[in-house]
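First chain written, first letter: the chains are A, B, C, D, E, F, G, H, I and J, and each begins at residue 1.
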């Protein structure tokens, strides 16, 4: 996985929310080897550190040829972002495109 | 009914939600013999087990030639999924297409 | 008014919601004699009895040549459905099409 | 049927189009006795006469308790409007709400 | 301002909500003399009296050539409607069209 | 296949178009045995005969457990309808739901 | 009516189209005295002169307290704009909000 | 930054909300020098002072050639508006257009 | 590139259109190495051969780690599909997601 | 103005269309000094040269602090792009955001 970078929260005295929506997420299904596609939404309240956008883009791109299940993707992204930025609160949501006539949404939350 | 399968929840220590949306549900009206159509949405927090997607698809397909009322479909799906996966919380919603100028929505919830 | 029929709630041990949306409601304005049009939405938790769909359609159709005000329509439908099915909770909403450049929505709720 | 009225075209020297959209059309199915609902769109180039809006509304309302098939409704409205206003060109379109899981559109044109 | 009229609430024993949406509101900016446009939404629970629709339409039309600011319009309409109908609860919302690349929404609430 | 019925075109002297939209079409993939879903749209100018709606619904329903490819479905429906009603012109369109991340549309036309 | 102003077409050697959409048009119904509302769209190819935007806004505003029928509004605006700017081609469209459950569109074209 | 002006709240005795939506915000990325675009939404309950609309427009325009990060823009606007108008409660939201395949939303709130 | 397969056109005597829409296309920008995303639409009239869907999916997936420009992608897909199926007529359209605040569409057509 | 760059058309033997949509265009009104905003769409058939995307972005950005009228913007962009790339055919469209309650669209075409 590409390394996540952070920068100093310019307004740490206030609890404000930052949302990044990444509609160009793609990974590979570990069972069928077929590509999966989805939108990853990250919603958080920063503590000391904010997530740097370009490193987030590269981090998400590093799933491109990885074999991972939906349930795992969302929890792994949440764990990595929490480890990198120690936010006060963070939610990660993955909305995946239809497979076999069904589509799926996975959402996980971290509270400090 | 086709058998529902599960796999181990990869992140059981966290309460996160999984949603599957199946817009290609069809069954048969027990009164008129006419086909019914709808979207089934399953929304749950897994405990030890997650529902395996392919078996869910086959399970829902096994209603194709069954005669069932709307109120019954939603409650039976909920009962079967709860029996198979013992989720911490689960909601099943069925939104059915218009019949006689009216459409119907049925929603049932299970909390452990 | 056509008679409302019910059938036995197949899952009375669970509090689940049933919604019927009827976009083809029409009645007559008692003041002007002009036809009124709207969508009636019924949302309820059944107790022992569920409302039978065909009788509901005929019941709503029996307003076709009746002169009634918006505020009255919604409350009368609620009263009749509560009398017929004794639900645990029921909401009736009427959304009417524009008259004189304004449109109106009336919503009434019954809790047992 | 209520009588259609016309008024003098204020700009007869120019070929311009007039469209009236009536989304509150209702009649009765001659086979089942059930109400039908739809949107009637009238699109024409007036010659000497324009159709008066209030009489058009009352004319369309006079189908409320008539038993007519979709194919007939659209052609009859076209015939009546052509007889009343002798337009240079006229199209009548009826878009009807779903019955038995299908909806229908009928469109007829008159050219002088 | 045109006089607001009321009629007896036909179901005063029940707390139900009535909403009127008026998308054809227009007044004049007191600063520039230019016309303003917006949608006024009135949402209330009647006590003894309901607001009569035609008088409401005429009341809102009487702002057509009045010079008033957005913040004032919404509060004045709320005050006048409360004075006329003494509702149990009422909200008035004004959503105005863009001026100088920005649009504005003002919402005021009265609780008895 | 259920038999298609027709009735006499009430306005055979005029070329007018009739459109039926059937969003609840389902058949079975002959390769995988999995259900397929789609919307069938029939658009025609009747000659002596119009297609009877109820028989059309039953005809389309008789594909429910048939194994047919998309390209074949649309052409077969067109052939059967042309044989039954000898229209002056007819188009059949099938818009199918996504399979493997792609969706397909097939359209065939008959001119007499 | 406020006076329409023009400015020199900066690219008269090329046939290009200019469209102005004015969704805040209001006038008065000459029959009922009630306000009418609509969107006026002007679409033209300039010859020597382009229509100046501010004068167009004031011109359209001068209908605010005028009593005019829909068919007349569109033709009068077209005549006035043609007189002011002598365009190579011009279309004026008025789309009016619902009255008595119907809405109307009038479109007139001028070609030089 | 252009100076923010206020006017006396005409209804200070009531807690009502005022929302201004400015979809034409633009600034410059301090890192790349490239222009950024977004919609700024200001939602507040005035105390003694309301924000004057024209000065708000000019204030937001003064970011046009400023180099600022998303997180900073929203917090700086909130700080400046709170300093100018001392509202009872205020939220500022910035929704920015996609960069590198991701878009971002930042929301900050002030409560007195 | 994965090999494209075809099957015999079941209705070669008729000119009918087949459309496949693939919204999960991804390749790599040859200049920046960054992933590109888009929707590829293929619209054709088959002659003797139809394109087999699964091989089309695999063919499009083989662009996943290829460096290609937008203009090239669309023309190469068209060339390859024409070579494989010799259609009577074919259009390929690529609609790509925004890069640097702009998005692009490329469309190429082959006629035999 | 920033310089426009081109690259060799990789498929000059085929007439295919390339469309670039730039929704982040901004310039300054020469009359009021206020910023203008709009979407510029460029649609062309390349001859020997294709327009390079990054130089197009910088070219459009160089209007940011220029005072230009709508009619002029679209024709100037068309002239500059035609001079740079000598396309077989090109259309430039500018859709601008509302000013004074009206919005405008300007479209110019070049054919070689």
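FYI, a residue touches a chain if its C-beta (ideal position, glycine included) is under 8 Å from a C-beta of that chain, and two chains touch if they have at least 3 such contacts.
As the structure is a prediction and not an experimental result, all values here were calculated from the model.
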item	value
Pair joined by the larger number of C-beta contacts - G-J, H-I	G-J
Computed distance of Cα centres, chain G from chain C, in Å	45
Whole-Å gap between the CA centroids of chain G and chain H	36
Rounded Å distance, chain A centre to chain B centre (Cα mean)	28
Per-residue multi-chain contacts in chain F, two or more chains	23-24, 34, 37, 97, 99-101
Chain pairs in mutual contact under the definition given at the outset	A-B, A-F, A-H, A-I, B-C, B-D, B-F, C-D, C-E, C-G, D-F, D-G, E-G, E-H, E-J, F-I, G-J, H-I, H-J, I-J
Residues on chain D engaged by chain B in the complex (per definition of touch)	34, 37, 97-101
Of chain I, residues touching chain J in the complex	69-72, 74-75, 99-109
Touching residues on chain B, where the partner in the complex is chain A	9-11, 14-24, 46, 50, 53-54, 56-57
Interface residues, chain B side, partner chain F - complex	23-24, 26, 34-35, 37, 61, 64-65, 97
